[in-house]
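Heads up, the thing below is written out as structure tokens.
In order of appearance the chains are A, B and C, and numbering begins at 1 in each one.
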Amino acid sequence: MSAVLEVTDIRKSFGGILAVDGVSFDVREGEILGLIGPNGCGKSTLFNCILGQLTPTGGEVKLDGKLVTGLRPAELNKLGVSRTFQLLQVFPKLSVRENLILAGQEHQGNMASRLVGRSDAGLTDAANQMIGFFKLDHLAEEPAGGLSYGQQKLLDAAMAFMGGPRLVLLDEPAGGVNPTMLSDLKERLVAINRERNATFVVIEHNMEFVMSLCSRVMVMAEGKVLAMGRPDEVRKNPAVIEAYLGH
Amino acid sequence: MSGFAKPLKIALGLIVIAGLIAIPMNFNRYGLFILSQWAVMTIAAMGLNLTLGYAGQVSLAQGAFVGIGAYASAIMTTHGWPLPAAIVVAIVLAFAVGWVLGYPALRVQHHYLAFVTLAFSTLAFLVFRNESWLTGGIYGISNIPRPHFLGIATTKPLPFYYVCLGSLAIVSLAVWWLIRSPWGRAFMALRENPLRAQSLGIDTRRYTLMAFAIGSALGGVAGALYAPLTQYIDPVPFNLSLSLDLLMMVIVGGAGFYFGPFLGAMIAVLLPEWLRFTEGYYLMLYAIAVMGLLVWSPTGILGILDRYVAERRTKAASALRAVAKSRLETAQ
Amino acid sequence: MSNLFDLLVAGLATGAIYALVAVGFTLLWQTSQTINFAQGEFVMLPAFLMLAAMHVGAPFWLAIILGILLSMILLGLGFKMLLVDPMMRHGVLPLAIATMALAIGIKEAVKQFFSAEASPFPSIVPTGDITVLGHVVSLQSIGVLVVAILAVFGLTTLLNRTSLGHQMQAAAQNPTVARIIGVPVERMILLTFLINAFLVALASLLITPIYLAKFSSGEVLGQAAFIAAIVGGFNQVRGAIAGGLLIGVLDNLAAAYISTQYRAAVPMIFLIAVILFRPQGLLGRAEERTV
């Protein structure tokens, strides 16, 4: 299987602080890679470097073999990378359906066609499908701001998939979600991963969520990769245990 | 919006439109002039509303764009060109200038566009005043003709008022189309949450620039109509004060609301006239009215409506929750 | 060249007045994100209040005190409570627009209740000329400079050397943290409004004898103060002072050496140049670029 994402020796320093210190890894097509590590280990900074939110101080990011280091988030999204946010970022005044249309519209046609074409950029059906998939049917017309936290998380995830991305980076998708909703979320993510052969990288603190969802797990500590392997291997790795318990 | 409201809104809209067409037939020259001015200023305010209310950028140059449109129109029509051609030139010119201004300005810090438009506003005024070979300098351009449409002369106040009203209608439709299109959604997204918008592939810089350029182009359209309305232009009206007045119209009406500019222009243009009966006090009362309105609702007139709807929704939700809770309790 | 010297001194004097007004303007922005479009009218009004006091028989010195007190109450406390407080949470623009309306209101009120004509105003500084370094300079200019310098000096001492001043700066730079460490932020903000009212009253006292008391004089003053604040860098008190002095001098020199048609253009052109080439102002700090 080819690598969708290749990260080579990424470094990011803020002034004197080296938040990410030479991280390299590959993500294969269709896999779900978990990214875990104690607070402050550099996971979010790494994410932001990959996503173009931050410019890495050094290193390379390749998407399907193409060099994409330092491209802006909007450009990366057009190339097929999308993300969810740790802190919810849905558009509260728009309805659920409109949020989804918004999430997909930039992938339809070009700017000119989007000006003179249909108001929904032809995405109503796709949006409805997504709504059905994430079981938000009864909420389709509701303003997103009125949804419960867990429902908004589902919407956030759905939005990330509207553009038909190759690679989705999920930032703590389980955070703050109650157990019932959590199993729904996990089940939906597994389903969409299978159906679309989509590749995920998931930052999470919820160990159970990560271990049961991911095919491989990467552990970071102090800006470096500490371990990489299958969940059960990583769990037993003494260095990993120490990183989590020793601090 | 709930089912019953829609036909009501359409009916209301039709009544207003009918009123705008029929009632002014009884107005005198001055009344028609003021109403035409309202229509023209609404167009300029709609442009600024796009830039400010939808894309979230402060422009202090809208008055200058009105000036550009006015001078383009005045120069062209006094040399025999028809008004529609002048309007097209005004649009292209204002759009291009807006693009040139906005392109570097939006690459930098947040409020830089405000400063650049401030500088441009000043510069434009100086150009209008000093380039007398083109603009007539402080003497301006006079005897600006009013257009002929299909053989009908619009020299009289009432026909020209219909020209202004018709133009407002066309612009309103165009803006409505823009807002409802994916562009409009993108504008809203980049105002509400630029970070999230970017992560969804929305090129915030490009869309912001577009909003500003289109908004400026609408300023040009307003100017192109202003020239034949007043039939004489000089640099004086097109300074920073006009930009600030237009800003006031957008804010008072409600920034980001479609009908905000209509109401804002009404307040700015019509309210002082309605207060004239108080003679020397009318501007004072106008100032107090505007201040009072803003204190009561800083999000503008339509902001009040928005708040009201949101409150009712919250009350309804609370009521439902209370019912559900009591049911839960009695069931136990 | 004695001409130039006198022009410079006179320019510095007007500039010092602009500086007072620009400082107040900048303070309001820094502490409460208030852009006060009525600042010019704030300078115009106190003189009329003092004239009104004298009209009912108060001696000049008492009228001054009453004028300053009234200014602080109306333009400081009143302004803050009635306009600023209700609107502060809603961003910069609505309040800025409200101050635009306030400017109109004050101007019209003065026109209605006092007069549309210009009225003379007594000077607190003796008139006449003295010779300095072989040049003839008006006492008025010197007097204005002295008073203005004292005021600015007093203010900067307050801001930089006293505990109160430090609290004010803390409240301006980071109100959330300031609250946590116990700074009475709301009171500090009120204090800046009162200080602004005092500064504009002082400026009024200094400038009205020169340009006479007229309801419309606020426009030019407000514009000059606004430009001075921007040129100096919206973020710094020092900048406002420098900006004011610079604009004052430029304006005076332009009036003397350039035809009236272009005279008003000089501060504007300067403003354009500063905005385009050094947007943080001459003394301001550069803000970060966006992605």
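Definition applied: a residue touches a chain if its C-beta (ideal position, glycine included) is under 8 Å from a C-beta of that chain, and two chains touch if they have at least 3 such contacts.
Only a predicted model underlies this, so the values are computations on that prediction, with no experimental measurement involved.
Based on the averaged CA atom positions, which chain is farthest from subunit B?
Of all chains, A has its centre farthest from that of subunit B.
Look at the interfaces A-B and B-C and say which one is made up of more C-beta pairs in contact.
B-C
When you average C-alpha coordinates per chain, which one falls nearest the overall C-alpha average? Tell me, please.
B
Could you give the separation in Å between the centres of subunit A and subunit C, each centre being the mean of its C-alpha atoms?
Taking the mean C-alpha position of each chain, the two centres sit 53 Å apart.
How many angstrom between the C-alpha centroids of subunit B and subunit A?
41
In angstrom, rounded to a whole number, how far apart do the mean CA points of subunit B and subunit C lie?
Each chain reduced to its C-alpha mean, subunit B and subunit C end up 33 Å apart.
Going by the contact rule already set, what residues in subunit A reach two or more other chains?
Subunit A, residues with two or more chain partners: 72.
Which residues, counting only subunit B, touch subunit C once they are in their complex?
52, 58, 107-110, 112, 115-116, 118-119, 122-123, 125-126, 129-130, 244, 247-248, 251-252, 255, 280-281, 283-284, 286-288, 290-291, 294-295, 298-300
Going by the contact rule at the top, pick out the subunit B residues touching subunit A in the complex.
Residues 178, 180-183, 185-186, 188-189, 192-193, 195-196, 198-204, 206, 313, 317.
Using the touch definition from the top, list the residues of subunit C that touch subunit B in their complex.
Against subunit B, the touching part of subunit C is residues 37, 82-83, 86-87, 90-91, 93-95, 97-98, 100-102, 104-105, 108-109, 111-112, 230, 261-262, 265, 268-269, 271-272, 275-276, 279, 287-290.
Where on subunit A is subunit B touching in the complex?
That would be residues 51, 72-74, 77-78, 82-83, 85, 89-91, 93-94, 98, 101-103, 105-108, 111, 114-117, 119-121, 146, 159, 163 of subunit A.
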